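Got some structures for you, see below.
Shared between the two complexes below is chain A, which pairs with chain B and chain C, respectively.
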Partner chain A sequence: MTRPLRAAMRAQLLMSLRDPGDLFPLVLVPFYTVIFLAIMRSAGRSDLLGSAVLAPVLLNLWYMALVVAGDLVARDRFFQTIELLVATPTPYAVVGVGRVLATTLLSLVAFVEAWLVARFGFDYAIQVHHSVLFAVTLTLTAVATVGTAVVMAAVFVVGRTPRMLQNSLSYPIYVLGGVLTPVSLLPWWLQAPARLLYLSWAADLLRDCLQAAPPRDVGVRLLVIAGLGIASLAIGLLLTSRVIDRLRRRGALGLT
Partner chain B sequence: MYVVRTSELRRVFVTGAGWRRRGTELVALDGVSLAIEAGEVHGLLGPNGAGKTTLVKILSTVLLPTSGRAEVCGRDVTTDTREVRRKIGIVFGGDRGLYLRLTARQNLEYWSALYRLTGPEGRRRAAALLERVGLAERADSRVETLSRGMRQRLHLARGLIGDPQVLFLDEPTVGLDPVAALEFRRLVRELQQEGRTILLTTHDMEEAESLCERVALIDRGRLLGIETPRALSGWIAAYERVDVAAAPPDVLDRVAALPGVGRVERRPDGGARIETVAEGAVSEVLRLLVGAGITALGVTRPSLEEVYLHLMGGHGMTV
Partner chain C sequence: MNELAVAARALRHAARVAWQDFHAQWTWGAWFGAYVPRLFFQVVYFAIVGELLHSPGRTVFLAVGNSLVVGPMITMLAVQATVYERWAGTVPLLVAAPTSPLLVFAGRSVEWLVQGAGTSLLVFAVMLPVFHVPAPLPASLWLVPLVLLTCTSTYAFAIFLGGLVLRAPGARNLVSTTASMVVMTLAGVNVPVTFFPAPVAAAAQLLPVTHGLSAIRGLLSAAPAPEVALQAVTEALVGSGWLMVALLTFQRLLDGSRSTGSLDLDG
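Moving on, here comes the complex of A and B:
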């Protein structure tokens, strides 16, 4: 199963690199980085500059999962490749995961962009005090993003107004995911739903990796991110398979 | 040995259904029973909306039938989908099914992985197929830069990447210019010689005649019958029409009495439409009309749909 997965990843990477629409979110990253860094610096909060660099990375991670990866099944239906994909011996969900994985990896380029803007635009070099933990957390975050994007890709196909759903899932998740503002600073009634999102755990832990003090409860926090990621991936795979079967039954796999 | 077999296959689509509405039922396939032998090129001929694509979609496992049974290589298409998918290849007409931003080679290598070929095997087969369909020189060009004919040949290569025993060609030459269509048909003949079983849907009688050993006529979801292309061609030749701008009544009476003339429909303006029901009858009609000094006339051949209607109405073909 790894060869179809790798082939789907490679094909998606090649397609995204040649599609300005897929790359557009990466164009926005430097602008967001400038805004966040400028706010922190003008407020005299040099202790939050690291968070300001991290925020556009997480924001972009979610945005690309939502808009680019979340659109993959719908695009396969629109371009009528879906019937041919379903008719191969490889389960469609495997193809979907490979392509979402590629999009997620591509979205991590945002980290390099944000770092470069901070370094050369604001003369600030982000310091990662716990680099191994940072790398592990970022990897788990990417995996969890893949799982969530697979769920969204399946849901958007079934939904009657996927575009509206996509739009309405961006800013609320930025807030609940704590991409810029830690969840602990949100009103108490928002903190409980925020803790159901892998992004809020990931954002907190990534920010902690920038601090000199050793992060607390690392094992539990990593487990929560991994658990939420694996759960969403399992749900996504199941949902994709069900959605494909439903479309085959209804005769609505292709849009013709 | 039958490679494709359907029994009382039925597919009903429900359109316009909502929370409170039941929707309208559209019968796309109505009790189709068909058997295709190994190595046969079998045509599926019918007008748009006849149910040809629906049948191909069911056989290729992307659509579930409402009732009935369909098997490919002895495997049920609804319960044994994975095995069926290993044995089939699909080629759609038009621009469907290729990734425009990838090159021809990248497309084929991608699809080869989905058909579970190893990396080296996929690369080898992609190169061989590109050579075979005459695209070796454009192998590294993006699909979006290829002409329609080239894309269609690439479609065929994509359909062959898994080395299928059974190939479904769904109106593969639609939109192609005559030269590209001829080239495509040459490739299909080669595949036939390799012993692959091919189901070809088309609404082009000429295409069916040049490629198929047998042709199933399908209309409004029903299988009207299965014939050789030669028999179908004879029917079309038989049901010709001669339109005359103006003709004296006595001439039209003499035309009506000719053998093979089915009907003479006189118009109030003095013109008429003469319909023949036998091959060669039209030349006798023309000889008589020209001999009577009538030269403002035209001969037209009926569409397949019209032939079907004739057949349904009087020919007595198995329905």
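Moving on, here comes the complex of A and C:
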């Protein structure tokens, strides 16, 4: 199973590096970094500069997953490769996971962009006080993003207007995911759905890693991120296979 | 028929195409059910930073700036719409027609101007009370012409950019979104223009939105009317300037495509 996964990752990397559309979200990262850092610095809140650098990275992680998930099946239909992929012994969902994983890894380039803008535009070097935990959390966040993206890919195939969903699912998730501001600032009735999103747990823990004080309840919080990621991956794999089966039965697999 | 009537007719027909374009992509249900809530969340996303900073003044600043900028952001979609004409293969016919192609291009994306201004006003109507921004009536009704003015000057800028992407259709999303992000970053939406180094702040004066937003901030903070009017007039001048640039460059850009025989090539 790892060979098709690796092949799918490689194929997606090659496609993304040749298609400016896939890398397009990375163009937005420097702008968001400038905006967030400018807000914090103009308010004289140097303690929040780290959050301002982290936010565009998380934002980009989600947005790139959204873009690639929305185009996953559409692209295979456009290139007429979907029937061949479904006919192979590897489940289509595995190919999907590999491709989303490649994009998610690619999206971490945003961290370098945000760091460079902060360092040379604002003379600020982000300090990670708990670097091992930061790396573990970021890795789990990336894995959870893959799981969620696979769910979205299945939903986008069923939905008639994936572009509209792509456009509409950005800012609501940034708010509910606590990407820049903690979820605790939201009204109580939004906090419950926000806590169902892996991003809200991940953003809080990553921000805590920037503070000198040791983060609390680390084990539980990591487990929640991993749990939500695994649950969404399981749902995504199930949904994808159901959607593909439905398209096969209706003879609509290759229709664009 | 005199030239003015011909121009008005071309604009009217182009606007009908624009409207059909919008309906081919969006239903009202999808627009109000999915996209408009996303715009509400966009304003919340930025305005709530004011809460994080424990600064009601900043919350108001961010809420006003971001409620306005959704309008120009939507208007900027006119850049992409220009390329649809190229995809439809109608550009050579438009160039051959006696009416200026700029008239057609100015009209065929007008739906984004209408959508942008209307949606921004809707976002203002919902978000100002949410973030406790004082907007006393009837003075705040001046928001309507000021938002329309700001979106119109953005539209002139978008037509100019549309001319550029006619030469490089593959860059349409990049150009449109980058332009929106430049405006969002530098036009005083999230931090005052004066926060940036002097040369950047000076360049921001030439951007659409900068002065329109300043006029709106003045209106909502009960600044003297002449101050608000001055900013509004400056916004109108900036928009007129971009329209002039579009007029001067559009034909040249089309002539360039004619000379290379690439007018109807999809690229």
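The rule is simple: the second predicted complex is superposed on the first by the 255 of 256 C-alpha atoms of A that agree within 3 Å, B and C clash if a C-alpha of one lies under 4 Å from a C-alpha of the other, contacts with A are read in each partner's own complex, and residues count from 1 in each chain.
Here, contacts are C-beta pairs under 8 Å (C-beta built on N, C-alpha and C of every residue); 3 or more make two chains touch, one makes a residue touch a chain.
Keep in mind the model is a prediction, meaning the values are calculated, not measured.
Visitor: Putting chain B and chain C onto chain A via the overlay, clash or fit?
Guide: After superposition on chain A, chain B vs chain C: fit, no clash.
Visitor: Look at A:A11 in the shared chain and tell me whether it touches chain B only, chain C only, both, or neither; answer first, second, both or neither.
Guide: Touch status of A:A11: first partner only.
Visitor: Which partner chains sit in contact with A:L196 here, chain B, chain C, both or neither? Use first/second/both/neither.
Guide: A:L196 sits against neither chain B nor chain C.
Visitor: After superposition on the shared chain, which partner residues are touched by A:E83: those of chain B (first), chain C (second), both, or neither?
Guide: In the superposed model, A:E83 contacts chain B only, not chain C.
Visitor: Quick check for you: in the superposed arrangement, does A:A234 touch first (chain B), second (chain C), both or neither?
Guide: In the superposition, A:A234 touches no partner, neither chain B nor chain C.
Visitor: Look at A:A125 in the shared chain and tell me whether it touches chain B only, chain C only, both, or neither; answer first, second, both or neither.
Guide: In the superposition, A:A125 touches no partner, neither chain B nor chain C.
Visitor: What angle, in steps of 10 degrees, lies at chain A between chain B and chain C when each chain is taken as its C-alpha centre?
Guide: That angle rounds to 90 degrees.
Visitor: Kindly classify A:L48 by the partners it touches after superposition: chain B alone (first), chain C alone (second), both, or neither?
Guide: In the superposed model, A:L48 contacts chain C only, not chain B.
Visitor: Can A:L180 be said to touch chain B (first), chain C (second), both, or neither?
Guide: After superposition on chain A, A:L180 lies in contact with chain C alone.
Visitor: Which of the two partners, first being chain B and second being chain C, lies in contact with A:R248: first, second, both, or neither?
Guide: first
Visitor: Once both structures are aligned on chain A, how many angstrom separate the closest C-alpha atoms of chain B and chain C?
Guide: Minimum over all C-alpha pairs of chain B and chain C: 13 Å.
Visitor: Per the contact definition, I'd like the list of chain B residues that touch chain A in the complex.
Guide: 11, 13, 28, 54, 57, 60-64, 82, 85-86, 88, 90, 92, 96-99, 101-102, 106, 109-116, 118-119, 142, 158, 162
Visitor: Contact residues on chain A for chain C in the complex?
Guide: Those in contact with chain C are residues 20-21, 24, 27-28, 31, 34-35, 38-43, 45, 48, 161, 164-165, 167-172, 174-175, 179-182, 185-186.
Visitor: Which bits of chain A are touching chain B when the two form their complex?
Guide: 3-4, 6-8, 10-11, 14-15, 18-19, 79-81, 83-90, 95, 248-249, 251, 253-254
Visitor: Using the touch rule from the top, collect the residues of chain C that touch chain A in their complex.
Guide: Residue positions touching the partner: 26, 30, 34-35, 37-39, 41-42, 44-45, 48-49, 51-53, 55, 58, 62, 170, 173-174, 177-178, 181-182, 184-185, 190-192, 195-196.
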